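Two complexes come next, and they have one chain in common, chain A, joined by chain B in the first and chain C in the second.
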Partner chain A sequence: MQALGIDALFRGSNFLRLLGGLGVTLELSLISVIFSILLGIIFGVIMTFKNPVVKVLSRIYLEIVRIMPQMVLLFVVFFGTTRLFGWNLSAEAACVIVFTFWGTAEMGDLVRGAVTAIPKHQYESSYALGMSKAQTYYHIIVPQTLRRLIPLSINLVTRMIKTTSLVMMIGVVEVLKVSQQIIEANRMTSPNGAFGIYAVVFLLYFIACWPISLLAGHLEKKWSN
Partner chain B sequence: MKGLLKKLIALPVIAALAAGTLAGCSDSGSQSGTTGGENGIFRTLDEIKSSGTIKIGVFSDKNPFGYVDENGEYQGYDVYFADRLAKDLGVNVEYVSTEAASRIEYLQTGKVDVILANFTVTDERKEEVDFALPYMNVALGVVSPADKVVESLDSLGDNDQIIVISGTTAETYLTENYPNIKLQKYDTYAAAKTALENRNGVAWANDNTEVIAFSMQNEGYTVGIPTLGSNDTIAPAVTKGNDTLLNWINDEIKTLGEEKFFHADYEATLKDTYGSDYEEQLVVEGGEVASN
Partner chain C sequence: MAELLKEELLRIEHLRKAYDNTVVLKDISLTVHKGEVIVVIGPSGCGKSTLLRCINGLEPIQGGKITLRGQEIDGNSKDIAQIRQKLGMVFQNYELFPHKTVLQNIMLAPMKVQKRPKDEVEAQAKQLLERVGLLEKKDSYPRQLSGGQKQRVAIVRALCMNPEMMLFDEVTAALDPEMVREVLDTILELAKAGGTMIIVTHEMSFAKAVSDRVLFLDGGEIVEEAVPEKFFSDPQTERAKRFLRTFEYDAVKHHDI
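The block that comes next holds the complex of A and B.
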């Protein structure tokens, strides 16, 4: 344990601080994920519209999100809005906005893909059976779309959890920043702390993301019947 | 027509949700009385006093200048001074964890009132922020094995090489001022350290705080050249144009000089790392840089 520098974790309240940092990470990412899923479903449906103006607008939005590094988006929202409009967003609010902005675009694209992937005969068969449009969506289209969406969106959620490590740049102290603080504060007494403590951080991220993957697997199995 | 209807319904829904996101999360207790200047947004001395809290940007992972101890408390040379500033101003202090790259942005957007994050005074930075009087010296230093100490760069042999870390000020300085000295460049601190231990080069040039700390922690190495090149200083910085706060900090630094405050700061925070020998070289008292 000494060689790995993990002993630094057990000094004072270090381990509790690390868990507190994990709490910040999970809180920010879960709020962003919930907003992203709700807005992403709406955005995805909008993207299936055939209207050219809507198509161009959603394309522009999607490309902006893909091209801009999240780091830049964070700086633009946190510092830029203060410069331009005098808004004083808290760092946490800036994070939720940026990650929702990003997540909505990605989620929307997944939803669009899943909706358009439903073969036309599914709609036609259901109309032939005398279902209304609402009934078709409720009984036929939405369940199939959701099933296709689950594995893809789980991938997005875990990516969002991991990317929140960027928020340290605007002063939010999350799990990775706490680990760096612990490593640096103990660099004399535990010179190898970087290895052991980052290993623990790896485990914490794993513990946070693994249940989500398990849940996804469970749902996929349950719905495949 | 049905498609159009869907769009008309969907758009306001999105707008409402987006607005909800903004309203729900924005800092409702935002600063009142924020003053806009040409070069940034800031709070004057009186506004800080009446709000009861000063926001100070510090490093949270640069031991021993600004770091967080095992109880979650901010500590270090910069923080020791920041605590005193807040105490003498009669307000509480709120520390904001900053990164080197975002220090200027924090000041220009008024997200902190003061930056006390080992901020070296440079001409480029003076264009962006206002520096108060300095409270520490920083320069380059050269460390070498104790049995063959390099005390001057002019007396190096033809085949003697100096170890540097790529991208540091030491590399830039030596390339510009000693073009004839052969440099051995390493990407990481660890690689440079190993190179010196293996005697791949005769000495290692880096920030003097770094080489001093190295010689303190490793037996058999001596800092032959403790200060090299231009002597830079570390100073508090405020948003450009925030004169009331700047003047108050300057007066405070002068007053603190009378009680030898920064020497006490050094004893409390830096002595464990740098020992007593370098106290006079590193500390700037009362804002007056001794010419050496």
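The block that comes next holds the complex of A and C.
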């Protein structure tokens, strides 16, 4: 164990602290994911409108999100706004804002894709059977959209969990930050700590994200037409 | 035959249909009686699908009038759903609902639109499936069926609404040749049982066998209208003659026997 440096993990409350860090990571992700999904569904439906102004605005929003690294966004929101407006924005709140800003764009794009992927014939077959617009959406369009959407959005969730590791850059103590602290504090006694601790962090992320990925894969297979 | 054909079902008067500035249907008038089988043929792009879509209120029309038993068909009126129940339509690209089983596909509209009791609908659905030889597929999903099977399910789905009239739009065009037969046989059965229908097809021998009347559509108008025996052996217009010739091939090789 000495060689891998994992012993540092079992000193004092180190392991518990690491789990606590994972908790912070998951909590930030969860809040951002919930906001992103709700806002993303609204944004996605708006994007299917054929209004040119809506098109241009959503295009600009999507491009900003794509071009700007999340880290830059984090710095802008956390350091930029506190300086500029004198707000006292907590690091956690800044994270949720940035990840929601990003997640809404991604989710919106998925929703738009899923809605527009339903062929016109599906609507017409339903109308031809005498179904009303509301019945067509309820029985035919929405269920098919959800089937396309759910696996994709689960994958988005795992990506968001992974990306939250960036927040340590603005001082949020999450799993990666804790691991760095442990490595620092035990540099003398466990010089190889970096490897072992990061390996454990890797495992923790894996344990958090793998079941979610499996679920996405399972649903995708089950619902593929 | 003549007495049977008295009751008038569908009437189209001076139908005009245009997309922006291109006129697709110029001045179509047609009356269909109960029990009649009309086959519509014509070159690609002449407006056959558009005609059927207009009859089902899926396309807004720019002139003329379509009525079913005197009731006007208008895609924007609130009665349209009620009229569409009386018109069963099957498209070229079998559009079953992929997230529902065969039985669910068939039973959805009778239960939700016609509010019929589940047991009764299920009994009818099974009986119709039996008739087209697909009862054992009742719990399959569309992706598990062949193209021909999907089309037969689509036909059953339309029939289960007990429509007064069926509209078929090139239902075999997307099928492999060996599956064409099973679908056309199903339609022939329906015709034999006295069903009223308008059929768009490129299968000439089927058209000859099934129809009471052939309409030859070209350039958005009815160029020729005749009983099949006459139309296929002795077409009157030059355009119909030219069209029928496209289905024949001249031998390019000679074999001594």
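Assume the second predicted complex is superposed on the first by the 216 of 225 C-alpha atoms of A that agree within 3 Å, B and C clash if a C-alpha of one lies under 4 Å from a C-alpha of the other, contacts with A are read in each partner's own complex, and residues count from 1 in each chain.
Just so it is clear, contacts are C-beta pairs under 8 Å (C-beta built on N, C-alpha and C of every residue); 3 or more make two chains touch, one makes a residue touch a chain.
As the structure is a computational prediction, the values presented were derived from the model and not from experiment.
When the two structures are aligned on the shared chain, A:34 is found in touch with neither chain B nor chain C.
In the superposed model, more residues of chain A are touched by B than by the other of chain B and chain C.
Of the two partner chains placed around the shared chain by superposition, neither chain B nor chain C is touched by A:64. Using the contact criterion defined above for the overlaid structures, shared-chain residue A:72 touches neither chain B nor chain C, since it reaches no partner. In the superposition on chain A, A:93 contacts chain B only, with no contact to chain C.
With both structures placed on the common chain, the touch criterion links A:14 to chain B but leaves chain C unconnected.
Chain C meets chain A in the complex at residues 56, 58, 81-82, 84-85, 87-89, 91, 93, 95-99, 108-109, 112-114, 141-143, 157-158, 161. Here chain A touches chain C in the complex through residues 119, 121-122, 124-132, 135, 139-140, 143-144, 147, 223-225, going by the rule given at the top. Residue ranges of chain A in contact with chain B, taken from their complex: 11-14, 17, 35, 38-39, 42-43, 45-46, 49-51, 54, 75, 78-79, 82-83, 86-90, 92-93, 96-97, 100, 168-171, 173, 177, 180-188.
By the touch criterion given at the top, residues 3, 6-7, 10, 13-14, 17-18, 21-22, 25-27, 30-31, 34, 36, 41, 57, 60-63, 67-72, 75, 96-99, 101-102, 105-106, 108-111, 217, 272-273 of chain B touch chain A in their complex.
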